Amino acid sequence: MSEEEKKRKEKESSAGEEKGKFIIERRYVDDSRIIEPKKLELGGIDMSGRWGTLVLPRTLEDFDTEIYRDVEKLPRGGNIGKCWQCGNCTAVCPVAHAHSEFNPRYLIHIVKMGYTSEIKKHHEAVYLCSGCGLCSAACPKGVDPQGVMIAMSIAFKAHESELTE
Amino acid sequence: MDSRYAAKLLSRLGEDGWHYGGLPGLQWEAENAREGDRKTMLQVVEELRNDVRFEEFYHACINCGNCTSMCPPFRLVDFEPRIVVQKVMHSKDEPELLYQMMDQYIWSCFQCYSCWEVCPAHNNPGGLVAILKEIAVRHGLQSTKKALEPYSKILYKIMTTGTQITPDMHTTIALFKDWGPHKAELAKDIRVERAAVPVESMAGVMDRSWRVEKDTMRELMVIQKEAGVVDAVSHTLKDVADMVDDTAKEAGAE
Amino acid sequence: MEAMFPSIFYYMPPGNILPHQYIVGLVLILAIFAVLASYMRIRSWKVPFTPASVLSAVLFSKGSGGKNQGFGARASTAGKSTFHDIFLLERAGAWCEERIHTLGRGLVLWGFVLLALATVVGFLIDPLGAPDSAVLPVMLLGDVFQGMIALGAAILLLRRLSRHNLRISTDRNTWALQLVLLVLGASGATADLLSIGGFLAGAQVAFLVNIASIVIFFLYAPFSELTFLVWKGSLLMQETLQSESGKGREIAPQPQLGK
Amino acid sequence: MKAPDNPVLVIGAGPAGLQAAKDVAEFGVPVLLVERRKELGGAPIRWSYHTLAPDFRPTEEVMGPLIDFCQSNKNVTVMKGCIVDGYSGRPGDFHVRIKDETTKNITEKVVSSIIVATGFEHFDARVDPRYGYGRMPNVIGINELEIMLKQGRVVGHDGKPPKRVAFIFCVGSRDRSTNPWCCTVCCGVSIKQGIEVKQLLPDSQVYMIYMDIRTIGLWEKLYWESMEKYGINFIRGRVGEVYYTGEKLLVKGEDTLVRGPFEVLFDMVVLAVGIEPGPGTKQAAGALSLSLNEYGFLAPKIPNVHFDSGKEGIFLAGACVAPMSVEEALSEGSAAAMQAVKLGSRLMQKVPV
């Protein structure tokens, strides 16, 4: 296990200590969806801390395709709409096989569908693209994922204030 | 591409010839599973496939996602019945897939069987999870302890008396770990408060009706022992099993 | 020395066709245009022009990420990041699993950097009336660097041409850019060599082609992928400068494999 | 009613052509069957298919009676090793030039109508170098596996049976850089072969790496049975590259549903190569001046009506129109035969003898 990974694991476990410590499936619940009120009184009884823990539903309500429309307009991003999610780009991608954060197919998917919450989680990964162009060679639909990654990194930067809030 | 690259790819394959990356959203952590004991992995798969219910609960999965769409836990946590069936499907050839799930993943399911209702292939992901949970208890896997700990007293109560919660548990001492720090405060005047409830039967509830006859308890514990429940629990919650043993001895069930 | 090469400098294409100063002036104007056009283009994407922000971060920012770094520390962070990420191609090369591809990229990049240096040095010592023995090596080195660009561009082009799928899926911009680079490097490298070899007419043609390709390159670069590369490269460096640890995004450049 | 004297010309002796010839001949109309190759039976015989999907029916059981009929029936004249070089005339009185490919002799025949059933070719996987077909050992196409299954011996180049077999779907299909259409049958055929491999080598692990499973209609049974009865594993995704490590094949792909990016060693990789129009189709289109569609298949007048070429007296049948299974090709041959006979009888009534 590499240093980075150890650090990540420590970070994860310490985050678990703070929030939703007693949730058995802690690993599968996103931090942002656990609500632990610092002070919660119901009928005169103190319910703060673990006893007031709420897990918000992970259902997506906002399908904001603004980024998608931006990507379509940016240079080389015009083909993103052709993607049919076969996964060939990720299959050939040398970065994806080394870094689990980077998955071109998934990035295209969340941008196309406008899953803003997922984009918020994964948008940083787009800068990992090394631009080797193997994905564009492999793509059976002519999506040009390499170009789409270029357009995407620009669009994510342009929307950074919304994505990192 | 060059051979050095191929060698590099080869270097990261596991013993079984697989390497997994990650898929955001699915929280795939195969590397964790790799650290597990391969013998246990194979045993888990074997026990699952040999279970009497397995044939009824599992047919084949075409990845349609109907089960996931109906799954209540899926709304809250990253748990997908579809993934469960998929991993069960691949378990024969890739036991680590299944084993990886045994630790925490399966405890998200609470057997509502919504998935069973809707599956076009008549699989029962919830049922498969139930079998897997039993196997996890039997093998005393890490997360099982964590999952069962809050219920240890209730477990003890069920195993010895057949009743879950009894009024004598509401005391200022002998607190339950999962009942919270305010329990003592709440239970302080409980007898007085209950006495004020104008229902005749409450008196009986408080004093007599929940008490279990010694014979019944003895019989119950013999059944638990013979059925292997005590053994199963002893792998995960040793102290509970010990307490049950002690109570059994007191009741004279030997 | 002058006795050995009596005619070279007299007939050298630059002096022969256009006065040296004119060319330098042209290149300067074009470079300014390229920077301005890049600025306009990047701003049209609604993102900040990061090369400028990197510069200001190094020069003026009063430390960031909680740490109060001095100018020296900031400069050294920026220098290290430039060296590793850009010159060693750690981000663009390590993951692109083909060594030949990385080599092509490296040759073009290093060729350009060195050529710029050689040109500046050549321009500085030329008007000072430096002896030919000092000018000639600089000039020849410049040719070598142009040759590097040509070789790198040729590698990149051939890589794309030789693979069916890559060939048909490559963007027109990429073809154009790589072709311009190839012509630029090849004509520059051959112009001087031809004149030394005595093929003056050929040298003049090569020189004209070189000048034309330089003009095209500067006019075209702001509208090609290069703008994106400049933007992204400086963005990564900016993140490095701003991050607490000074390491940028906490991702190892070369993943550790195996166990 | 008297049958017309001029024979019906059938080009191509595959399932569609043979069925058409048989049906026309059984009606009492003479048939001229022209086949480019030296043997009858078309693709199933040429690549010696072991069994046919979806019911594991041996190929001989389906094709054998057709071939026997055409070889023995007096109404059928078989011309092997010949192609149709050109034609003139009008329906009922076509003058066709038939060229013997070896001797280059040209014979002219008069026919009443023409049925074109020139069939297909398997995609040549060497065109798509990602999969290493033709360069790496143990990377084979489904047509080669079919031969192995026929011999009852599935082995790698070292003579050892493979432990882990991957089927890669959509090779040369649904890919803009090669062929953008779906080959219709490769999913079913691959799964059928997977089951046969499992039957032959019960200890092997068989993986299907697919993008979509298109086991249409009753073929779906194959898909379900392969999972339920035979424990074949399905991975949804496409394979990017295959490497040969000197011993095994490293397959690099993405599981878009369960695993994420994966790399895995296989002993054998079977490519579900697609269907594409062959040179025979192109040649016949040129000789009969038929129109080809954007993909190189023969274009019917209305895409939904396969047999109607848009030219009176010329009918289409089988995989030269679109990729299809043997069962569909047989019915198409029959349909085209019906059209030819119908046209013949109509012409007879118009021109009393």
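By letter and in written order, the chains are A, B, C and D; residue numbering begins at 1 in each of them.
Operating definition for what follows: contacts are C-beta pairs under 8 Å (C-beta built on N, C-alpha and C of every residue); 3 or more make two chains touch, one makes a residue touch a chain.
Just so it is clear, the structure is predicted and the values come from calculations on it, not from any experiment.
Novice: Most central chain by CA mean?
Specialist: Ranked by how close its C-alpha centre lies to the overall one, first comes A.
Novice: Between chain pairs C-D and A-B, which one is joined by a greater number of C-beta pairs in contact?
Specialist: A-B
Novice: Determine the centre-to-centre distance between chain C and chain D, using the mean Cα coordinates as centres, and give it in whole Å.
Specialist: Each chain reduced to its C-alpha mean, chain C and chain D end up 54 Å apart.
Novice: Report the inter-chain centroid distance for chain A and chain B in whole angstrom, where each centroid is the mean of the CA atoms.
Specialist: 30
Novice: Indicate the whole-number Å distance between the mean C-alpha point of chain A and the mean C-alpha point of chain C.
Specialist: 35
Novice: Could you grab the centroid distance between chain B and chain C? Build each centroid from C-alpha atoms only and quote it in angstrom.
Specialist: So the centre of chain B lies 62 Å away from the centre of chain C.
Novice: So which stretches of chain C touch two or more other chains?
Specialist: 97-98, 163, 165, 169, 257
Novice: At least two other chains touched by the same residue of chain D: list those residues.
Specialist: 130, 177, 236, 241, 252, 254-256, 260-261, 263
Novice: For chain A, jot down the residues that touch at least 2 other chains.
Specialist: 1, 90, 96-97, 100-101, 103, 134, 138-139, 142
Novice: Under the definition above, what is the set of chain D residues touching chain A in their complex?
Specialist: Going through chain D, the ones touching chain A are 130, 170, 174-177, 211, 236-241, 252-256, 260-261, 263.
Novice: Looking at the complex, which residues from chain C come into contact with chain D?
Specialist: Answer in residue numbers: 163-165, 168-169.
Novice: Can you list the residues on chain D that touch chain C in the complex?
Specialist: 127-130, 177
Novice: Quick check on the complex: what are the chain A residues that touch chain B?
Specialist: Residues 1, 22, 24-30, 33, 45-46, 50-51, 55-59, 90, 96-97, 100-101, 103, 106, 118, 121-122 of chain A touch chain B in their complex.
Novice: What part of chain C is in contact with chain A in the complex they form?
Specialist: Residues of chain C touching chain A: 45-48, 91-98, 101, 163, 165-166, 169-171, 173-174, 225, 228-229, 231-232, 235-236, 249-252, 255-257, 259.
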